[in-house]
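Shared chain: subunit A. Partners: subunit B in the first complex, subunit C in the second.
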Partner chain A sequence: MKKEDTVKLISAEGMEFVIDKEAAMVSQTIRNMLTSPGGFAEAEHGEVTFPEISAVILEKICQYFYWSLQYSRGKETEFHIEPELTLELMMAANYLHT
Partner chain B sequence: MSAQKKKAFQIEAFKHRVVVDPKYAEKTWKILEHAIHEIYNHNASGLSFEELYRNAYNMVLHKFGEKLYSGLVTTMTSHLKAISSSIEAAQGGLFLDELNRKWAEHNKAMQMIRDILMYMDRTFIPNTHKTPVHELGLNLWRDVVIHSSAVQTRLQAILLENVRRERSGEVIDRGLMRSISKMLMDLGPSVYQDDFEKHFLEVSADFYRLESQDFIESCDCGEYLKKAERRLNEEIERVSHYLDAKSEVKITNVVEKEMIENHMHRLVQMENSGLVNMIVDEKYEDLGRMYCLFRRVPNGLVLVRDVMTSYIRDTGKQLVTDPERLKDPVDFVQHLLDLKDKYDKIITSAFSNDKTFQNALNSSFEYFMNLNSRSPEFISLFVDDKLRKGLRGVTEEDVELVLDKVMMLFRYLQEKDVFEKYYKQHLAKRLLSGKTVSEDAERSLIVKLKTECGYQFTSKLEGMFTDMKTSQDTMQGFSARHGADIADGPMLSVQVLTTGSWPTQPITTCNLPAEIRGMCEKFRNYYLGTHTGRRLSWQTNMGTADLKATFGKGQKHELNVSTYQMCVLMLFNNADRLSYKEIEQPTEIPASDLKRCLQSLACVKGKNVLRKEPMSKDIADTDTFLFNDKFTSKFFKVKIGTVAAQRESEPENQETRQRVEEDRKPQIEAAIVRIMKARRVLDHNNIVAEVTKQLQSRFLPNPVVIKKRIESLIEREFLERDKGDRKLYRYLA
Partner chain C sequence: MAMYIRVKRSKTTYFIQCDPTETTLDIKQKLHTLIDQPVNDQRLILMNTGDILEDSKTLADQKVENDAVVALTLRKGCFFLLVFFFCSFHFLEMFLIAHHPFPVILIC
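The block that comes next holds the complex of A and B.
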């Protein structure tokens, strides 16, 4: 996998998730970060730090990105969410505009 | 550096998420404000998008949206003010460049800011009905930069100046112009219209008003139109290069109005180069240009058409009433055809086959051709000429072409029945003298007449052809029966003509020479023997004869003459000198015919087989005629022309006209009866209208004549007047 095609997402604890850009761009916010003109730091380094999102949630989010990609390509499966994560996940979704 | 800053902030934000620090909003805003400054200063690369986004996000989340928004407005405004003054400071030609560059920068900054503040754009702005960030950026640019007094007027002036320079032939930076006009469009169509287009149109109108004044004084019509066309194309091209597409209609309207509409009367009527001159000189290109340009303005084509129509009518009228022209009917019709060809060509090649122009042309021809009551006769004469000799050695297609053209003229005739009358006469002469070149062509024309006017019109003409055919058979039968008895006598060829099919001429008998009379009796007996219950009468005025004659030096000639001339010449077998009276008495040829045939025998140079005393052009009752034994000719066969198939003399013409009038009466009556039979009751005006409509394809009936026919029908009790309303007629069956 080429470096240009991936992006590193870092959680509040410093846990790093390397995922496809394509998947990350399911989030409108991340899409803007990576594509906005003028070259913000994120676009240049290919990594985004989320100081307010915990590793557990970020992991779930990454899973969601890939699931969403597949769903949009016609593979209709269920996306399971543990009830205890729901609230935080929703806040993160609002933040990421997903 | 950014890492450190980010770290410091992280702790702060995290801590204060729940407990709202009164200074929190202020601090967060400072960070964002700083970022906006950096963006405008092209220093954005070090900034963390996530951090800025998160701050804006938190501000909105913690109900500081209003502060964020108003802060944005203030910051952006102050930046734009700085930009505005830097643009104002730009020198002369650099102004547009600077403006364009700053605009590009602003656009980019605007997008970055919008991305950072996306959360605000998404939630806060729709809820509070504020202007979204991007639009806000445009509005501020418009108000602060474009509408700052210094920039506004200068921008306008420079744009218009550039257009003016380009119009006068200089090269300008079209790319830059395009960017600027696109910017104005981005700011909203109203900005483009108010700040540029409106003035642009005004200035253009002034420019073209002056220029067209100048041109019209100095150029002729064709040149002027060329220039106008070029200007028009230039404007269209200009719009496509760097103006908004919607401007095209507006600017072309300006050019059309100033350059064409305001001058169109003058252009069309321009002396020595106006429409009429173009037509005369057959300047198709100029005419085409005029058509294209005038089509763009209201009433432009109407004007062109009217002028053309009145010109055609005038020249046509001159042509048909010119006494010189009337001397030669063939030439006259040929002129009409040439004229028609010319206008057809103009309409097809220059006026893109415009239907309205074709109609105008047709109505003009109809108008002036019917001004001359002899047009039908002349057309028939033209056909006669073509079918006698004009079409010899011409291919079938060409024959068709000529005939089609003639038919076209025929269509314009109002008095088609007059044409029929003449045509019948001329056809009869052609058939009887065997002068017709091509029977196919004759038939083809009759088919055309039939499709044009119906079966009725041509039934008699067709009957004439049938008679010719049957006569041939009859003659074969006759010579088979009597071949032996008549071998050494004169040859006789008889055409039996059905009364009614052929043009009736008053039967003017003459005394045939004894030799011929005997033959005629034989034929009469033969014919009446095979066809009982018929009557034969001899039409001596329509026949021809071939005579063998020997002259003074023993040279022999075969003379082709008419029956009358034959009768006269036969007298000279027994005498060398005869007075007019001595000729008239034995032959009993009517005086006018006799004079004509003597004239062609004695007064035509090269064909004067008789001599006349005294020598003069005209024949008098006291003249004496001598056999001209000094007659010589290069040819063995000498055709002594009767003065045939020429235009009629004035009294003959009157006579034909009268006959036509007579023939019309039953037709009008028939039409009236047909109409009344269907309608039962009808008032006078309607009858006249209906009759006119029904007979239109043949002639244009005169209302007075129609009235007389109605009266006659009332007398004969076909119709009656309504007892209550005297204007109503009733049909009596």
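The block that comes next holds the complex of A and C.
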């Protein structure tokens, strides 16, 4: 695991989540941000700020990324979502195309 | 990747991919590449139980499961900081004695 293989996702409050690029790429939106040509700051520094997403939701999203990777590799577990998070989580998922 | 753990310190959360058979030392080495802190200066605490993770034991041994939250603390140069504080305290005392010998002796 190298530093270059990770990305930092920053929530509205400034909480930082360092995850593998591979996991972040589960989101089509983040994939586009990180791979689009033209030397965008996001791609160069591996940092993406989400001023609209709170830390609780962003952490859940990161957990989902990893769950998704595990699921695709044949580990079939359930992904638990607290009912009070569902609405915000759906809005974030819509934005992130996950 | 069989599992991942969430390593938290102040405002940052590191998602670390790992295997139940890996030892705590392996995790610390992975963290070392991310945060440039020597392995010996890291201490990992399992948040569920509050137990300090031991370098030689595996994650499975210490009941660290998938999606577990682990707190990271770092050893900073405490000793030197202490020495510095003591020195500066003595300098202050000497300075005070030199200038106002009487009140300081009273305080002491």
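Definition applied: the second predicted complex is superposed on the first by the 98 of 98 C-alpha atoms of A that agree within 3 Å, B and C clash if a C-alpha of one lies under 4 Å from a C-alpha of the other, contacts with A are read in each partner's own complex, and residues count from 1 in each chain.
Heads up, the rule we're going with is that contacts are C-beta pairs under 8 Å (C-beta built on N, C-alpha and C of every residue); 3 or more make two chains touch, one makes a residue touch a chain.
Remember, predicted model here, so these are calculated numbers, not experimental data.
Annotation for the three-chain superposition on subunit A: subunit B and subunit C fit side by side.
Once the two complexes are laid over each other on the shared chain, residue contacts for A:P37 go to subunit B alone; subunit C is not touched. When the two structures are aligned on the shared chain, A:P51 is found in touch with subunit B, with no touch to subunit C.
Of the two partner chains placed by the overlay, only subunit B lies in contact with A:Y95; subunit C stays clear of it. In the superposition on chain A, contact is made by A:E16 with subunit C only, not with subunit B.
In the superposition on chain A, contact of A:S68 is made with neither subunit B nor subunit C. Of the two partner chains placed around the shared chain by superposition, subunit B is the only one that A:T29 touches, whereas subunit C remains out of contact. When the two complexes are laid over each other on chain A, the CA centres of subunit B and subunit C sit 130 degrees apart as seen from the CA centre of subunit A, to the nearest 10.
Look at A:T6: by the touch rule set out above, it reaches subunit C but stays clear of subunit B.
For the three-chain overlay built from the shared chain A, the minimum Cα spacing from subunit B to subunit C equals 20 Å. Overlap of the subunit B and subunit C interfaces on subunit A: none, as no residue is touched by both. Subunit A makes touch with subunit C in their complex at residues 1-3, 6, 14-20, 23, 59, 62-63, 66, 69-70, 73, 75. Residues 1-4, 6, 11-17, 30, 33-34, 66-67 of subunit C touch subunit A in their complex. Residues 28-29, 32-33, 36-44, 48-52, 95, 97 of subunit A are the ones that touch subunit B when the two sit in their complex. Considering their complex, residues 2, 6, 10, 13-14, 17, 39, 42, 44-50, 53-54, 57, 108-109, 111-112, 115-116, 118-119, 122 of subunit B touch subunit A.
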